[in-house]
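Below, chain A partners chain B and then partners chain C, in two separate complexes.
So, the complex of A and B:
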């Protein structure tokens, strides 16, 4: 019996989703997560199976992100008909300052509403608030939000400060909920609560499930919930809509840029499908438990064969098994020849017929979806980098290892120095970089981005579905055509770290081992 | 006509209902145009070449400010030491319970070992303040190993503009020692990296223009060997402060500790008039021959004003004597308002000051604008940090141009019927490297930016 099956069978017992609680358990507890590992994927898998995954301390660490920043702060503030309140000092929300501009670059012709407004406030906690408490301030901020915008929902995002000083958010909310029309949704995303940023996803979905999702008025048999990440673009949405509409299905994209009503109606859908499995996990299980909405977690629609399988899974739960095979056939006729061309292009780049080596920094969800896609393109990964790892995706990792062979895996949440070390030591033909990491992209070799961003509406930037598989393939081919920018800057500017760091072989040099 | 020198009655200024001084914003606020104290120290450190911030904070404070301060400062990533490259103690619950001191000690040690950098700035955020870590003692352990300072900057104790002041306070107290005076050397203060979005180009322009009158400007930021620049601060003959409030405290401190007098100028000088005035003031204080100053001014003005003739047909045929609105930090607001009014002949409709200056500086900011605009028009001047209020204040007004942050960029036309130019924090919609409005050429660049919003075939 597979691990997935074992966990599925006992899931309720192992990790109950308990909406009577104020928040979810941390990923550390729920799924034995870690943000530090380097070694064979097979060993990580064994450790996971045997409950031996460790989440050790580092003596050198970099600011990779907390539960609030950046996964939630820049995202919840894009929900329409709502107001987000950061119950925090003023700096915790500054990352949300891009909110008004984010989706404005998407042309109205591509389905972006012409008129919309996004709003957030901060309680702007001061020293006095820290000493005397900030319950009244939060209350007044809620009233201010209600008065200004009459929103359908008010999200309250908590912070390290409110956590440490022990603010009773639920107490404040219960005092004031009856006086206003908006539904108040507290989300416990205190930065200090967890080492694993994915806890933030779960905390958000917990709030959505507990406070926003309504009892279904009627089941909508043609509606599919799809949780989209900030790293998936408008074109990815259009591609998924295109494919599902051919099956007679509609998509409910949440939470980015969704309306509150879309969140309320999650319970009415026929299915919850993943784009990123670890992102969707808590929501999917919650909707299943509370409203019997079925779900699947793997695969995401990345690459041709994963898109085939994703569509088949969707079809299975929506009674479209016959239609889906027809759709896949049609789509293959259009797209597979283009993928073959890309493979040929990439083959031409080989030296001594050795497969091109690519190194990518990925989320856990992308780890299990993108490696098979690289394999499809005839590319090889000497190592994969994942922001974190937990036992929610054990079966999927096993499947990947079976399919493409064992590989090294580095688990870290944006630890730029560790990544710089293995980029230097493995010297891949192409580095996929996550663009937040100082000078890591400066090298005398090929570099490109691992993912595009939500406001990017150009078909060139797509990555999902068939159109995305082809677009991203072409994009990768282009990455090999000019390396001037990274090369000249690697030559002309100082390196981030001292030479010894690049020369020594252990990216986890600063790990506190066995202490 | 009101002329520049006509005295405006002070009582009028303060009792005028067009002026809303308000008080320091410590209530809840919608999308304010600044971040926290930690962010201000962080951005200031990253502005120094060789400066390595070490965050003693939760794990999100660096990446959060990457999005909310660095990208927001004209799409400037933080380089080798910014964003997710920033060393951080990444405090979580167990540190809250048991203390974060050991974690910080390891972090400082390893950062000094691994980073190419010369000045290490330990920045304490909210968490260590709340749990009572003794950060000073830990930093003390490393003072003989590297140039290192500690800045205590919990987010709840100030905003990012104030963080700039906290950074300099720590530098003066912990790093600077008396130096032999160097004639004609001046330090430049009042320009806050990232938060003043044109900081890089402004500093370079100021340096270049002062060089022409034989003054060596220590601009500290953007140049190689930032630590050396900092160490030579006490050698200066004068400090020059380019703000009605930023940098005043540091200038006072340097005056008291190293007997360096300072020259105040209300903003970075924008365009020919302000720049000529700036040069005369500096020349007078530093005993530079007025012939030298005047001949430079004549040469620069001659070129500048000839250039300002080129777009005149477009200005006069399409958008002459137009009302404009400014929403910006105090320095940017002062410089731009004076230039557009006094040189382009535009009409200041409403000026909203967004950097939340301490109360004691607010009247002087208002006066600097009111007393120095050459028009009968009296603009509304409002200190406002709250984006909802800012937008309400902009409704139903005659302005045709809105100079503000990029928050208003996508909808300025539909919301206010105005053409938009991004000039103040946050600016996400333009990449700002050398572009800026300071000096003679800077005024021309502002001219270009304004005229380019509306020109087409005539």
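So, the complex of A and C:
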């Protein structure tokens, strides 16, 4: 029996989702998560199977995101008809600044709402609030949100400050809920509660499941829930919509730019399908447990064969088995020749017929979705970075290793120095890196590219489905052909670290090994 | 500038800390010294017996109302015999963060240069509890008090609090924090209570600054909203406080005590358990009388 089946069978016992509680367990508790590792993927998998993954400390650590700020601060405020309240000192909301402007880059024609504001407020906690507690301030902010925006839901994002002084958020909410129309959704994303930013995803879904999702009025057999993180792009939404509409299915994209009603009706869908398994995990399991909405977590629709499989899984739960084979055939006719061209182009770039080496810097979800895609393109991945790792994706990792062979995994959240060391030492032909991971600097003989920008609406940046497979493939080819980005980087930037660091054989030099 | 004696007095809640501190303040003031007493407890009742039982405006509450406009005169109130009384204040029970409150209040007093303005000879900080967090450690950290006392009875929980205080002192001693100057043994009536406390200070390489017997005179004075020094200046108990105050003023002893680790403390307490039970019976008998 595979690990996945073992986990699925005992899931209730292993990781109970208990909506009577105020929040979810953190990822460390729920799934033995870590954000420190470098070594063979097979070893990490063994450790995960044997419950031996350690969440260790670093003696030196670079800045990163937090449970509140990595994800929630940016995305919850996009929910339509809703207001987000940061119950925090004013600085905790700073990463939400600028996103209104950024998302305005998505043209209205592509589906971004024209009437478009991100409604968020902060309680601006100060010294007095810390000393005396801030229940009244939160209450007044909720009333202000109701008065100004008449929203359908008010999300309260908690912070380190409210966590440390033990603010009774639920007490305040129960006092005021009856006096306003909006449904209040407290989300426990205190930064200090977990070092794994995924805990923020789970805390958010817990709040959505507990306070917003309603008993289904009627099951909508053609509705598929898809949690669409916008670190995948706007184009990916369009591609998924295109494919599912050909099967006669509708997509319920959540949470970004969803309405509150869409969240309320999550229970009516025929299925919850993943784009990023680690992101969707808690929601999928919660909807299954509470409303018997089926789900699958793997594979995400990245690359041709995984998109085939993703569609087949969707079809299985929606009774579209016949239609899906027809669709896959049609789509292959259109896209596979283009992928073959890309493979040919990439083959031409080989020196001594050695496969081109690509190093991806990814979240856990991309780790298990993109490596098979690189393999499909005839590329090799000597290593992959993942922001964190937990045992929710053990089986998927095993599948990937079986398919493409062993590789190194670096697990870290925004530790640019560790990443720089590995890139320098492995010297891949191409590195994908996230702007937040600090991977852009002078490189002499290979290419550094950013994998995507949140909400990017350009077809060039797509990653999902067939169109995404081709767009991403072209993007890779282009990265080798046009080196101007690399040239400018080399000219304009200096190395970020001293030589000893690049020469250091152990990227986890600063790990506290408890010796 | 003259040398100011700054003393922090810690101890478990209800152990007689404020009573003792106020009587020391009153005795020193009576002896001609300029005294300031700063209550560091959200209950804000440290100085009540110096102000005729009345509450005074607290630093935190006033800061909250007045913000930048707060003048230090508004929160330094003259009590019995012109003793300067200050209450830090703090949140209602169960909300907010009292520790952060202590930090804020003490920072305000330091910024306002109250020592220059009021020129006290002695400043006494009366601090709640057993140093549960950084805020309550504020008075023993660098630049505030220079001598620390703890009020303790022979009750195990009071000793536990004293031991925690020793841990706090040890921690901050490297950074120029306050040093320990002695344990004030309160409510000591029976010889066994004295034995227990003397054994504790032996184990922790500390000293006893004085013994205060249990006394109805103190309770009576408190009910009138006064210190024993004010209400019953000729009583034996007043004399006990005067002696204690004098010895504290002259005490030059300052050292780092050796707190017991929690297992050691547990074992030590166990070694006294029979005696403690015996004592409990005696005390109950005492109350019946």
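Just so it is clear, the second predicted complex is superposed on the first by the 487 of 515 C-alpha atoms of A that agree within 3 Å, B and C clash if a C-alpha of one lies under 4 Å from a C-alpha of the other, contacts with A are read in each partner's own complex, and residues count from 1 in each chain.
One rule holds for everything that comes next: a residue touches a chain if its C-beta (ideal position, glycine included) is under 8 Å from a C-beta of that chain, and two chains touch if they have at least 3 such contacts.
Since the model is a prediction, treat every value here as computed from it, not as a measurement.
The larger set of touched chain A residues comes from B, when the choice is between chain B and chain C. Judged by the touch definition given at the top, the superposed model places A:132 against chain C, while chain B stays out of reach.
Of the two partner chains, neither chain B nor chain C is touched by A:412. Look at A:496: by the touch rule set out above, it reaches chain B but stays clear of chain C. Contacts of A:463 after superposition on the shared chain: neither chain B nor chain C is touched. Of the two partner chains placed around the shared chain by superposition, chain B is the only one that A:95 touches, whereas chain C remains out of contact.
Residue contacts after overlaying the shared chain place A:124 against chain B, while chain C stays out of touching range. Chain A residues 127-130, 164-165 lie at the interface with chain B in one structure and with chain C in the other.
Of all residues in chain A, those touching chain C in their complex are 127-135, 164-165, 167-168. On the side of chain B, the complex with chain A involves touching residues 25-39, 55, 57-69, 71-72, 77-93, 95-96, 103, 106-107, 109-111, 113-116, 126-127, 130-131, 154-157, 159-160, 388, 406-411, 426, 428-429. On the side of chain A, the complex with chain B involves touching residues 57, 59-70, 73-74, 85, 88-101, 104, 119-130, 137, 140-141, 144, 148, 159-161, 164-165, 191-195, 413-417, 435-440, 494-498, 501, 510.
Interface of chain C with chain A (complex): residues 60, 63-64, 90-92, 95-98, 100-101, 104.
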